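Both of the next two complexes hold chain A, though its partner changes from chain B to chain C.
For the complex of A and B:
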């Protein structure tokens, strides 16, 4: 049963991804503005322009261009970036890990922080502390990642310059990485100085991405916890003399966590969308920052590759979340 | 709770004034709405309020700090940017683009989303299937990436920014209006209207729409806050209006570049941007409370 439903979901995902690919392809071909015009020198002859056009396959008809592109993508050939003149797949493989590290650390921070504040708010219920938690959280909910990023630039980058303002690693740190996963690699190979430098570069973008998500998690989880706290089994546990903290963590949390996971998953896709602008603000070399440059330079092959990667990420996350929700809900597991 | 069930449904004739009074009793509506009203006045009377010409450059007066810091020049309350343009005047003129985008984009997104949501929720069948599937596909795109992509396709400029926001965010309205319409369509008053023999279009527009309106109005206010942010992001990236029109996002981008020479170029538009988004959120939240008869009790 479960295998069939997963297969069904995968098929739907493939169809959605195909739809995304078609839409992006058509959208980009109606762009006013010629990508070739951006790479030629002013005195180029019409012949050399035509040759360039043919080299990038831009002289064929639209459906033919799409089929050629699709056939290549299926075997893993995303073409050559027009503005960077490099293989798109190589560029993606270089940049995607940076974004993944950023997004996953931001997710972890959001879950831990949001969860902790939710538990705190639950323990503080009907005390003067509760409105304080709610007000601060409400304010955090209203601040989008774009504003967080800039506020952090001002406070932690300029007023109290604790963390580096841009980039992924200090150019002075001379190390060779075997993989593009700098954070994980430096930790695994026990190079703590390098790890600290990479981590310091991530602090501000991670906070900008993680704080809005943390606020959402707090609100939903706290609501679910408060609801769980008035159930009979909690009353029973309380009568047995269980402490409030254990009550929340051991009993209520288990039953309140389902809706939070589903919501966190959806919000995590928004967080990944947010990496585009946050990476831009911190000049962080991920796929989001590259996407903005690609759009500004009308780099069609690169844009197509990037949008497919973003689309695939969204779909994979949604699938994982659905599985997690089933795993955490026994009623669905047996249904 | 027993008397609640016995209360007759609100009579629509007195609905408007009753709603207005409920709105004015809600502090969030007063604070948020008051701030937006103030911004609106600033945008309209910008030429009279701005102390300087927002485009006038004076390289001799570049990077002046705000009043109160050493090295200021009288008349430049919030300092100047690296080209010597007055920050306060630029923030004041920036309200024009921000509010234009907020009102027009949110209004149009609401219009399209509501029409499609009403159709999907009321008529059901294949219309509902097509519209719902469309919404699903739409939601598979990262919004920020999609907006940048759309503006790149449509070309930069305020029309493209508005079009991009409408194209992306109509789904928010469509989803909510569809669900609300489905719920309303099952209510007794709709059944009664059908029994009397009202035409379906009449029922949809004269009976259901007014009851969907409270949720819709609150949503429009929230959408305005989102539109302001999206415009700022696109200006920040350099894909919004041309660079000689002052915008908050454009100022923020400039301030980010000269952050060590003139942090105030970033602070001023950022604070106003944040206050504006907060005001739209508060207004939306307050309107939702004030107009929802269940929450009002």
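For the complex of A and C:
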């Protein structure tokens, strides 16, 4: 039963990815902009242009190009980046971990911060504190990630230079990492100075990405918590002598958290989309930043690889979210 | 003077939401240990407000304007919140109206049934488990082991109400407030639940305030009854006296209004308009 539904999901994922691949492939070739034109020096002969075109397989018809590319992708060959002249898969393997670390830390910050504020707002129900919480939260909700990024740059990077403005690690820090997961690796290998430097570089992009999500979590979770708090079982639990905090955390939260998990999943995919612009602002070497360069350079193989990676990420996240929702709702567990 | 278990005297309250409309008018009633008293009235008669006052859960919009609610000689209305919290649930407990919403859908029965035992009595989880098994057997649940591990949605309405009854009696309270505990249930299950509450009450020597709008239910399980209309006590006394020899026209009319199972074709007899006019005149409302 479970095996069947997992198989179904995998099949759906494959179809989705295929659809993404087709759309991107066609779009990239329909929009104006010629990758070869970006490469050649002015005044190159038509012969050398044609030779380059043939070298990258761009002289064939569209369906043929697609099939050639798809055949290679299926066996793990994503081609060679036109602008960077390196294997696309290698580039992705180098850059993806940076983005994953950034996005996951931002997600954790959003969940912890948003969850805590939601609980606080629920406890402050009908006190003067509630409108304060709601107002601050509304403000965070209204400001998008890239505006946060710019504001943080101005305040914590320029006016009060507390955190490093750009990059992933201070170039002066002498380290050789065995993996591209700098944050995790430095923590696991107990190199706390390096860890502190990597973490400091992440503070501002993490806040820019995490604050809007935290605000969304707060709003949805607080709403659901307040709805749960007027249920009879809360009243009975209160009569059993539970404190208000315990009522919220033990009784209300587990019933209120379902919609929040589902929404957080959706919003997390938007957060990953947001890494593109936020990584750019902080010159953070992730796939988002790379995606902008790839588009500017009309680097077709690289763009295609990047989009597939983003698509796969979205699918995996949605799958995880569905599993989490079921895990938190005993009524969905059977059948 | 040997104090009654519960003695409400001169209790008056108004609703701030409805512009200070009185919802309780000088209500007095007393309850002895082990007594079952029915609190009867139509919607808005104030029976639920009394129940809420007993449990210390009056909504903010209700303001008590006079009177006392003495439980074992101490006024619940003026008691510090901390002491009130110690009494609620332990000495006075609640059997709620709707078993569908009164159990947390996300927690297993065992956890919910043993909260009070662990928090209030300091029982270990093993002791609480044993006690919970006993309680479920007491409320005649056939497979207590399975039910303890079940989630609420896996139980029928009647089973849930049994669990809630077990929870209400778990800490050996002196007073149980039963807030229309059978209205949400099937008619066939209603009878069993009524009998169960009566049995539990007898075995444990617990006093019960039974909130209901059904005089038939009162006849089945209550020793005494207080009839309310618009927040005012209309008639009170031993159940047999009140039902066999009702003094007030409203009581008589209510009894006549009930469906007759022995004469299903007789139709329903609404309370005559004249009775309401008399009631309003007596209470002083237009």
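Methods note: the second predicted complex is superposed on the first by the 333 of 335 C-alpha atoms of A that agree within 3 Å, B and C clash if a C-alpha of one lies under 4 Å from a C-alpha of the other, contacts with A are read in each partner's own complex, and residues count from 1 in each chain.
We take it that a residue touches a chain if its C-beta (ideal position, glycine included) is under 8 Å from a C-beta of that chain, and two chains touch if they have at least 3 such contacts.
Because the structure is predicted, anything quoted here is derived from the model rather than measured.
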Fit-or-clash call for chain B and chain C when the two complexes are aligned on chain A: fit
Geometry of the superposed three-chain model: angle at chain A (Cα centres of chain B and chain C, steps of 10 degrees): 80
Touched partner set for A:219, first chain B, second chain C, both or neither: neither
Chain B versus chain C as contact partner of A:95, first or second or both or neither: neither
Per-residue contact with chain A, leading partner among chain C and chain B: B
First, second, both or neither for A:236, with chain B first and chain C second: second
Touching partner for A:201 - first (chain B), second (chain C), both, neither: neither
Partner chain(s) touched by A:273 [first = chain B, second = chain C, both, neither]: first
Closest Cα approach, chain C to chain B, once both complexes are overlaid on chain A (Å): 14
Footprint overlap on chain A, comparing chain B with chain C: none
Chain C contact footprint on chain A (complex, rising order): 126, 231-233, 235-242, 251, 254-255, 328-331
Complex contact set, residues of chain C against chain A: 55, 57, 60, 85-86, 88-90, 93-94, 96-98, 101-107, 112, 115-116, 119-120, 151, 153, 164, 167
Contact footprint of chain A on chain B as seen in their complex: 136-137, 140-145, 148-150, 152-153, 155, 229, 232-233, 236-239, 252, 256, 259-260, 263, 266-267, 270, 273-274, 277-278, 281
Residues of chain A touching chain B in the complex: 16, 19-20, 24, 27-28, 30-33, 142-144, 146-147, 150-151, 153-154, 157-159, 165, 269-270, 272-274, 276-277, 280-281, 288, 291-292, 295-296, 298, 303, 306-307, 310-311, 314-315
